[in-house]
Structure formats: structure tokens, C-alpha cells
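The structures come next, written out as C-alpha cells.
Shared between the two complexes below is chain A, which pairs with chain B and chain C, respectively.
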Partner chain A sequence: MNLVFHGKRIEGLLAVLPANERLFVDEMDQFDFPRARSLKLKEVMGYDRHRIVDGPVCVSDLAVHGLEHLFAQGLLGRDDFDALILVTQSPDYFMPATSSVIQGRLGLKHDMFCMDINQGCAGFLIGLYQAFMLLEQPAIRRVVLVNADVMSRKVSVRDRNSYPLIGDAASITVIGRCDDDAPIHANLKMDGSRRDALMIPAGGMREPSSAETRELHADAEGNLRARDDLVMDGSAVFNFVQTEVPPMIEALLAAAQTEAAAVDTYLFHQPNRFMLQKLADKLQVPYAKMPSNVVEHFGNSSGVTIPLALALNLREQVLDKTLTAVLGGFGVGLTWSSMLLPLGPLAFCDIIDYPRVH
Partner chain B sequence: MEEFLKEMADILDEETVKEDDRLDGFESWDSLAVLSVVAMADSRYRATFAAREIRGATTVGDLYRLLSAGARAG
Partner chain C sequence: MKSILDILSGIRPEFDFSASQDYLADGMLDSFDMLALVSDLDSEFGIRIEGTQIVPENFCNLQAIRLLLGRYGVDA
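Coming up: the complex of A and B.
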């Protein structure tokens, strides 16, 4: 479906990364694969290092750390927003919502619309849509969107299919109203019939966690994982992305009556460099316009990768001027979505560390 | 076919590969190699293959015929 929004803008964003950094070459021996093949995987996919929590760090820990930083630096007033949206797949608890946990830990005012959304790699876009819709309410002046996941805690360290690329992170995006009434165009599709491509089979009500679901089993390739762990069908995800994303971007630009040449940057979700370069080839977008370096620096942190791609590659530009940006998210659900919007000048666009636990 | 054999040699980390080579005879015939073939099918043949279809091929030549047929169908 096509979506249109008016008079909304991103005011600033902050990303929070665990200080703990692990190198792929130091982790190769935990996989049951020949080293030469793991090195080939590193080269093809663009793996190098990733940031993962080094203890029982939760989503609310990363979010509270980031928001306290913004309050302390005077970049956001604690009473200057009226809604707190958290997009995560790794909440602190089944209940209550982790957005309520964050509100409570920070002692935020009671006039606050808290909500959790279960979304992954398209989660930055889904969160923005929800923020834009909440801003239709006069009582909501500003929305804080938190994207956060600690998926490393739900991926087997013996699973070469997923562990090398996973990253933990949070981002805090402040969204408000503006006078510019030029439409923001977006589109969104979902296909729950392909939900098996990315999932954590056990641990919910369908298959509660038990001693059995915690047992490691080898798959046909030799990856060891439990049913409590994330499992990804890499080839199915690859085909999904290469099939669905290019026509989605073409449809977005057509609906917005915008030429591809007018787009300054394509900020896509960052599954790995390999998949992004194949996408760029298909869309005939120069690699310089489509960052693909988030996984090699930080790992793939689901909904946080688009803010990270911006802060890592375009910080100075987006603080200084307005970029015409196409955002693209695709993944679990399956969900795929894109948005064309003017981005910047932002009040802040930073990356900070969450201190080590050990 | 020449081009295809060259790409397969690169994917399998071999100097050369032949049409009647068995895929499971290569230590490098793993999930990365299968994904690389899925990607080649997409970019070179504009065809979409599931990993299990690629794994269904016995020899390098079988794979060539599978991808070529997919290109016609697609």
C-alpha cells in the first residue's frame, strides 16, 4: 500500500552501541567449518567485527543510557515529548511493555503514550509511520522512537549462518511537526505466509522454552543451534530481498514523481554488504549513494541499522543541510517498506557507547 | 558454458572445474557456495531458485542445465 504524510520531520537521532567489540577472525573457531571457508564467507559478505553486549544487558538498559545522554547534553528535554515508541524483538519481559519500563526507569511524566511494536529489519520505517500518525494528535507535540535489540542473546554462538552478522544496538529518533507541507511518500507490504524465513521457534506460547528447546542440534550444514535461538533461511531471505525491493523502490519514486537522479542517498537496512551491493546493481544506484558498511563495523542490529548507516556515513552532511533520502527496510514478517523524505538539517546525529559490563 | 565454469571455479575456490565434476566432491560446496549460486542465478539468469533446488543438482553440468532452464522459464 502507498502511504502519505504531511508536516512531519526527524529532528535528531542518537545511536547507542555496546562498547564490547568482537572480531570475526577471533570467533571463527567456534564454528564447525574449515577456516578457509569462514575466511571466504568474511570476504564475500563483508564481515569484520560486530558489537555485542557482554553480559545480561537489556533493551531498556541501552535505551535509558541513550535518553539520559540526550537529557544531560540538553539535546532533548525530559518533558518535551508526549509519546515513547519502542520497536524491538527482544523485550525485557513478556509483560509489561518495555516502553513502560523505560518510562518508569526515567521517571517520565504520566501524560505519555507508551507502546511497543514487534518489528525487525523494517522497524525503523514502521516506527516512523506510527510516530507520524501519533503526531496527528494535538496533545502529542513530539515523539521519541526507540529502535533497540539485543539479538546476540538469541543467536547461538555456534551458528555461522547468523552469529557473525548479528549486532546489538539502540537508536533514539526524535520526530516532530514542521511547517513544510510537502508530502512524505512511503509504501509498505507484508507477507505472513513467508514468516518462517526468520524466526525464533521456541520461547513463546506456541512452543514454551524447556530443557529440550535449549538443546543444541546441528543443521544440514553443521551450524549448531537450539529451538530457543534465531534461525534464518539465508537463501530465502536473499531471494525475497532481490525480488521485492527493487520494484518497491521504483514504485515509491513513481508515486512521488521523483527522478532517481534527485535522490542523494539510499539508506537501506544493512543485512550484509553482499546483499546491498546486489541490490544497488539491480537498482543501478552507485555504491557511493548506498552505504553498505554497517555490518562490517557494528553488525546487523535489525531496526537500528538505518540510523547507524546515516550516523556512520553522512553525519556532517545531515547536520548541515537537507538530503533527499530513500529509506528501505526489509525482513522479518516478512515486511518490506520504503520512504522518500527530506532528511536534515538535524539538531544531532551521534553514536555513543554503552559501557562494558565486564 | 565456459563463463559458467569459470564462475563456478571461483565460487568453489578451485583452479578449474569440469562439467562432470560432482558438487558434493568439493569441500567448499557449502551454504556460502549455494547462496553464491542463488545470487548468480539472480544476476546472470534473472531466475529465482531456492537453496534446496540448487542442492538437488549432482554435477556441475546439472547445475548449468538447471539454471539455463530457469532462465528460459523466467
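Coming up: the complex of A and C.
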């Protein structure tokens, strides 16, 4: 479906990364593969290092740390926003919603709309849509969108398919109204019939966690994981992205009557460098316009990779001027979505560390 | 210029790729090896194999890989 929004803008964003950095070369021996093959994987996919939370750190810890930083720096007032949206696949609890946990820990006002959304790699866009819709309410002047995941805690360290690419992170995006009535164009598709391509089979009500679901089993390629862990059908996901994303971007630009050459940057979700470069080739986008370096620096942090790509690669530009950006998210659900919007000038665009926990 | 068999052997030196008609079914290439193979073919022959072409049937044996490369003007 095509979506159109008016009079909304991203005002600022902050990314929060666990300070704990692990190197792929130090982790290779935990996979049942020869080192030479793992090194080849590193070269092709762009795996180098990733950020992983220390044991007990949860989504609300990263979010509270980031929001307290913004309050302390005077970049956001405690009472300056009326809605708190959290997009995560790794909540602190089944219940209550982790957005309520964050609100409570920060002692935020009660006049506050808190909600969790279960989404992954398209989660930045899904969160923006929800924020834009909430901002249609006169009582909601500003929305804080938190994207956060600690998926390393749900991925087997013996799974070469997923563990090397996974990264933990949070981002806090402040969204408000603006006088510019130029439309923000977007599109969105979902296909639940392909939900098995990315899932955590056990641990919910369908298959509660048990001693059996915690047992490691080897798959056909030698990866060891339990049913409590994330499982990804890499080939199916790769094929899904390469098939669905290029026509989605072409449809977005056509709906917005915008030439590809007018786009300053393509900020796509980043599963790995190889996948991004194949998308860029298909769309005939120069690699310089489509950053693909988030995974090699920090790992794939689901809905956080798009704001992280912005802060890592375009910070100075978006603090100073407006960029015409295409955002693209794709992943669990399956879900795929894109948005064309003006980005900047932002009030802040930073990356901070969440300190080690010993 | 390397041959396709040279490139395959560079990825999985323990196998004889001239002896199999289905590299994936015979366990000689897995999904990541297929991506590594595409990366090496792109570099070696100066092409960019499209993402939608990265499916098992295009990499199951030497003939299939030759056919794929032929679509990019490569006679290997």
C-alpha cells in the first residue's frame, strides 16, 4: 500500500551502542567450520566486529541510558514529548510493555501514550508511520521513537548463519510537526505466509521454552542452535530482499514523481554488505550513496541499522542541511517498506556507548 | 584468468568439482559458499551477477554456472 504524510519531520536522533565490542576473528573458532571458510565469509559479507550487550542488559537499559543522556544534555525535555513508541523483538518481559517500563524508570508524566510494536528490520519505518499518525492528534506534540534490540541474547553463539552478523543497539528518534506541507511518500507490504524465514520457534505460547527447546541441534550446514534461538533461512531472506526491494523503490519514486538522481542518499537496513551492494547494483545506485558499513562496525541491529547508518555516515551533513533520503527496511514478518523524505537539518545526530557491565 | 573450476576449488579445496552434477545436493557448496562464489565470479570476470540470479539452480554444476556467465557475455 502507498502512504502519504504531511507536516511531520525527524528533529533529532541518538544511537546507543553497548561498549562491548567483539571481533569476528576472535569468534571464528566457536563455529564448526574451517577458519579459511570463515575468513572468506568475513571478506564477502563484511563481518569484522559487532557490539554485544553484557549478560543481563535489556532493551529498557539501553533506552533509559539514551534518554537520560538527551535530558542531561538539554537536547530533549522530560515533558517535551507526549508519546513513547518502542519497536523491539526482544522486550524485557512478555508483560507489561517495555515502553511502560521505560516510562516508569524515567519517571515520565502520566499524560503519555506508550506502546510497543513487535517489528524487526523494517521497524524504523513502521515506528515512523505510527509516530506520524499519532501526531495527527492535537494533544500529541512530539513523539519519541525508540528502536532497540538485544537479539544476541536470542542467537546461538554456535550459529555461523546468524551470530557473526548480529548486533545489539538502540536508537532514539524525536519526531514532531513542521510547517513544510510537502508530502512524505512511503509504501509498505507484508507477507505472513513467509513468516518462517525469520523466527524464534520456541519460547512463546505456541511452544513454551523447556529443557528440550533449549537443546542445541546441528542443521544441514553444521550450525548449532536451539529452538529457543533465532533461526534464519538465509537463502530465502536473500532471495526475498533481491526480489521485492528493487520494485518497491521504483514504485516509491514513481508515486512521488521523483527522479532517482534527485535522491541524495539511500539508507537501507543492513543485513550484510554483499546484500546491500547487490541491491545497489540492481537499482543502479552508486555505492557511495548507499552506505553498507554498519554491519562491519557494529553488527546488524534490526530496526536500528537505518538511524545508525545516518549517524555514522552523514552526521555532519544532516546537522547542517536537508538531504533527500530514501529509507528502506525489510525483514521479519516478512515486511518490506520504503519512504522518501527530507532529512535535516537535525538538532542532534549522535552515537554514544552504553558502558560495560561487570 | 582463473577457470570456474579454479574458483570453486579456491572456495572448497577439499572437493573435486569436475565429478559432481549437483554441488549443493552433494554437500560441496552451502548457501554462504554460493555467495562467496558469486563474489569471486564478479571479481574475476568483471561482471555483477544480479541478486535475483543467486539461486541454487544457477550454481548446481559447472554447466549451470557456464550458462549463467554466458548471460553476462562471459565465455568461461
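Here, the second predicted complex is superposed on the first by the 358 of 358 C-alpha atoms of A that agree within 3 Å, B and C clash if a C-alpha of one lies under 4 Å from a C-alpha of the other, contacts with A are read in each partner's own complex, and residues count from 1 in each chain.
As a working rule, a contact is a pair of C-beta atoms (placed from the backbone, for glycine too) under 8 Å apart; a residue touches a chain by one contact, two chains touch by 3 or more.
All figures in this text were calculated on a predicted structure; none of them were measured in a lab.
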Exercise. What is the contact status of A:R356 with respect to chain B (first) and chain C (second): first, second, both, or neither?
Worked result: neither
Exercise. Does chain B (first) or chain C (second) touch A:L279, or do both, or does neither?
Worked result: second
Exercise. Now for A:R141: first (chain B), second (chain C), both, or neither, which partner does it touch?
Worked result: neither
For this session: Figure out whether A:V241 sits in contact with chain B (first) or chain C (second), or with both, or with neither.
Result: second
For this session: Report for A:R195: first if it touches chain B alone, second if chain C alone, otherwise both or neither.
Result: neither
For this session: Scan A:V44 for contacts with chain B and chain C and give back first, second, both or neither.
Result: both
For this session: Applying the touch criterion given at the start, work out whether A:K109 contacts chain B, chain C, both or neither, answering first, second, both or neither.
Result: neither
Exercise. Once the two structures are fitted together, what part of chain A is touched by chain B and by chain C alike?
Worked result: 37, 40-41, 44, 161, 221, 234-235, 238-239, 242-243, 274, 278, 281-282
Seminar exercise, completed: So, in the complex, the side of chain B touching chain A is made of residues 13, 27-28, 30-32, 34-36, 38-39, 42-43, 48-51, 54
Exercise. Okay, in this complex, where on chain C does chain A touch?
Worked result: 11-12, 30-36, 39, 48, 50-52, 54-56
For this session: Sort out for me which residues of chain A touch chain B in the complex.
Result: 33-34, 36-37, 40-41, 44, 161, 221, 233-236, 238-239, 242-243, 274, 278, 281-282
Problem set entry | Residues of chain A defined as touching chain C within the complex | 37, 40-41, 43-45, 160-161, 220-221, 234-235, 238-239, 241-243, 274-275, 278-279, 281-282
